[in-house]
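Below: a set of structures, written as structure tokens.
In the two assemblies presented below, subunit A is common to both, partnered first by subunit B and then by subunit C.
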Partner chain A sequence: MECVFGMVGEGFAVVAADTSAVHSILVHKSNEDKIMVLDSHKLIAASGEPGDRVQFTEYIQKNVALYQFRNGIPLTTAAAANFTRGELATALRKNPYSVNILLAGYDKETGPSLYYIDYIATLHKVDKGAFGYGSYFSLSTMDRHYHSRMSVEEAIDLVDKCIIEIRSRLVVAPPNFVIKIVDKDGAREYAWRETVKDADVAAA
Partner chain B sequence: MARYDRAITVFSPDGHLFQVEYALEAVRKGNAAVGVRGTDTIVLGVEKKSTAKLQDSRSVRKIVNLDDHIALACAGLKADARVLVNRARIECQSHRLTVEDPVTVEYITRYIAGLQQKYTQSGGVRPFGLSTLIIGFDPYSGAPSLYQTDPSGTFSAWKANATGRNSNSIREFLEKNYKETSGQETVKLAIRALLEVVESGGKNIEVAVMTREHGLRQLEEAEIDAIVAEIDAEKAAAEAAKKAPPKET
Partner chain C sequence: MSIFEYNGSALIAMVGKNCFAIASDRRLGVQLQTIATDFQRIYKIHDRLFLGLSGLATDAQTLYQRLVFRHKLYQLREERDMKPETFASLVSAVLYEKRFGPYFCQPVIAGLGEEDKPFICTMDSIGAKELAKDFVVAGTASESLYGACEAMFKPDMEAEELFETISQALLSSVDRDCLSGWGGHVYVITPTEVKERILKGRMD
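== the complex of A and B ==
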């Protein structure tokens, strides 16, 4: 029941992900951060098999960093998305990763962008996207209220609408969400939306 | 002797590995490079042979980043350097991926030195023709470090060192003039040491400064010229002071 969704606004892109780590009927923790900061101006929101999710996104992160050291400049969001898709595609017919990814980034020349990359290596550049059962609700809500060039307030308002929809309509809805944003000033955490508080655990 | 330098796997009767020694010769012919460790700043300086008029000098960077907190300069065969630097950069990221920690300066130095040693004990390959100066801050203790490796694969830590052309003169200068410095003083010491063997001017030296907070920063030609001017002024003042006292008595 993992929910990941995001959208592009005026000069920024925002992604939200649920924060529950689940194994069968057990909730391991409800403050698992599934949105990784790929580099200074990129975010990867990932959902799927927990082992694959962490392994794959960390692998992408280190390769993106290596590119930057080798070439003296960072990868563009489009290049990072294509690289990610390529890695998924190469592994697909041998040892596939079960990870769905929304890659959000900001480039100085082209502005904000969002890429939808699913576990069988589909790549789409999108204005809004979502994964999981939550997508039935968040995508419909975004279709109704989204318009291009939204402000941060409008976008966060729409994100909250989606979270409310997921919480009220999904049978095993995740209680907590994390929202992260990327714009010209970089990628950073924006807010948490919590209904259940875990005892404080040091981040993995 | 002629028969003992073909394949480096062979020792000579008097215990030499000639290929390794020849690699050290190649290093001695390379550009001068100097490294100085301060308390909060570490500086690398490299001699820049005059660039051809049509060449884009920005594409010939001699001081490179291995990771956010580690940098390297070298003397010797630059093409060999490219290979070593690439392997080291991969190792830095690989280390971060497997143990979730950045490398320590000692670790990556040991890795590079290990690589250089491997090529002195394999068939059909020649040693890397370069010595490296590796600087960085320990990711946890924040302690600054300067290490040197050479074609034989040995490495050690230094407070200040030089390699390449006329490195002996530079090292002598450093031994005479080294003291614990910080900030701009460390930069000046490194440039003064390099100017012992290099023609004065920002055009002829490349300098990079590493600090804990800001990582590696390459100095602009104008900045180097300004510091060189300061050094020249200090030298002139010292000369004048030496000549003045006899007249006063």
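== the complex of A and C ==
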């Protein structure tokens, strides 16, 4: 039921993910951030087994940081994607991670890029990608409306169209989504799309 | 659905007069869903040797990386490129190493050997080599491909006619297979040049 999708626009890449942490029929929380900021100009939107998702993405994040400490320069998006795929592929026949990843990044030389990495370590550079049941709706919506070099407004509009589609057509649709964007100014949270707010924790 | 049919693929290699052609489809799918329509299945090992990998995409990527690594080491040691026959034996050995936990790939190897004599072969996922003098096929559409190639092939075709024949055989076969298609990628290799062409077929 986890919905993750993203696309590449003119000078930026945007990813959106639902924010429900679900265990069987119970929703633990509806503000779980599934898009990790890998480094200044990279985002990892991950879906799958919750434990694996957090463990694996944190492992990748720390290794990407280690590379920067050791070598003084950050990894390119392609290099980070290939490293991620390598880790998934090595673990595949030992103790596989059940995590699907959309890796979005911006490099000064090559511009924005989006990498589709599924849980069995298939890597492919794409213009638009999606995982989960939501992909049946978001991919078709993006196929209809996407064109290359969209502006931020057009892309966010398309993201919102996908979210509306998922909300109206998926039987157990997640109520809230987070949208994050990466461009030359870095990776940052863009917006939340909430229909259900968690109750505030009462003061002790 | 079998693990070999998870991503969908179609590959052909054909022999001509002092030339050969190798062609693949472009679809990357996850069972019934299409993820990308520009997936690369044919890799260049060196100017006169091409490798096509059908089957599970993640294993095709891993296998390609391992084989390129082995070939680069060979180049450093021997100070020359590998002969196609030698490379085929290498692929067979690498696959058999994993006899009881195999890579789910079927490779197609095509190259120009001594005196510009074309060489093609395919093997199963555990490295059983199958040499042929005319054509070899692999992938989810392999049964259709066998039929189409058998009907359209003639010995000693020149490069242009070979291109036409292999393209028609590929497109007509993938049109009967829902898991492969979305265009074609054809390489025609003669002793003097490598011509790469993209085919537009039924995009469905």
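Here, the second predicted complex is superposed on the first by the 199 of 204 C-alpha atoms of A that agree within 3 Å, B and C clash if a C-alpha of one lies under 4 Å from a C-alpha of the other, contacts with A are read in each partner's own complex, and residues count from 1 in each chain.
Heads up, the rule we're going with is that a residue touches a chain if its C-beta (ideal position, glycine included) is under 8 Å from a C-beta of that chain, and two chains touch if they have at least 3 such contacts.
Please read all numbers here as calculations on a predicted model, not as lab measurements.
Chemist: Please tell me which partner, subunit B or subunit C, touches more residues of subunit A.
Modeler: Touching more residues of subunit A than the other partner does is C.
Chemist: Using the superposition on chain A described above, determine whether A:Arg70 touches subunit B (first), subunit C (second), both, or neither.
Modeler: It touches subunit B, and subunit C stays clear.
Chemist: Which partner does A:Tyr136 contact after superposing on A: first (subunit B), second (subunit C), both, neither?
Modeler: second
Chemist: Of the partners subunit B and subunit C, which touch A:Lys62 in the superposed model: first, second, both, neither?
Modeler: first
Chemist: Once chain A of both complexes is superposed, is A:Leu92 in touch with subunit B (first), subunit C (second), both, or neither?
Modeler: After superposition on chain A, A:Leu92 lies in contact with subunit C alone.
Chemist: For A:Val37, is the partner it touches subunit B (first), subunit C (second), both, or none of the two (neither)?
Modeler: Touch partners of A:Val37: none, neither subunit B nor subunit C.
Chemist: If we overlay the two complexes on their shared chain A, which of subunit B and subunit C does A:Val22 touch? Say first, second, both or neither.
Modeler: neither
Chemist: Tell me, which parts of subunit A touch subunit C in their complex?
Modeler: Contact set of subunit A toward subunit C: 85, 89, 92-93, 116, 118, 120-124, 126, 129, 135-136, 139.
Chemist: State the interface residues of subunit C toward subunit A in the complex, per the touch definition above.
Modeler: For subunit C paired with subunit A, touching residues are 7, 28, 30, 33, 35-36, 39, 56-58, 61-62, 101.
Chemist: Which of the residues in subunit B end up touching subunit A in this complex?
Modeler: Residues 61, 65-67, 86, 89-90, 92-94, 96-97 of subunit B touch subunit A in their complex.
Chemist: Which bits of subunit A are touching subunit B when the two form their complex?
Modeler: 58-59, 62-63, 65-66, 69-70, 72
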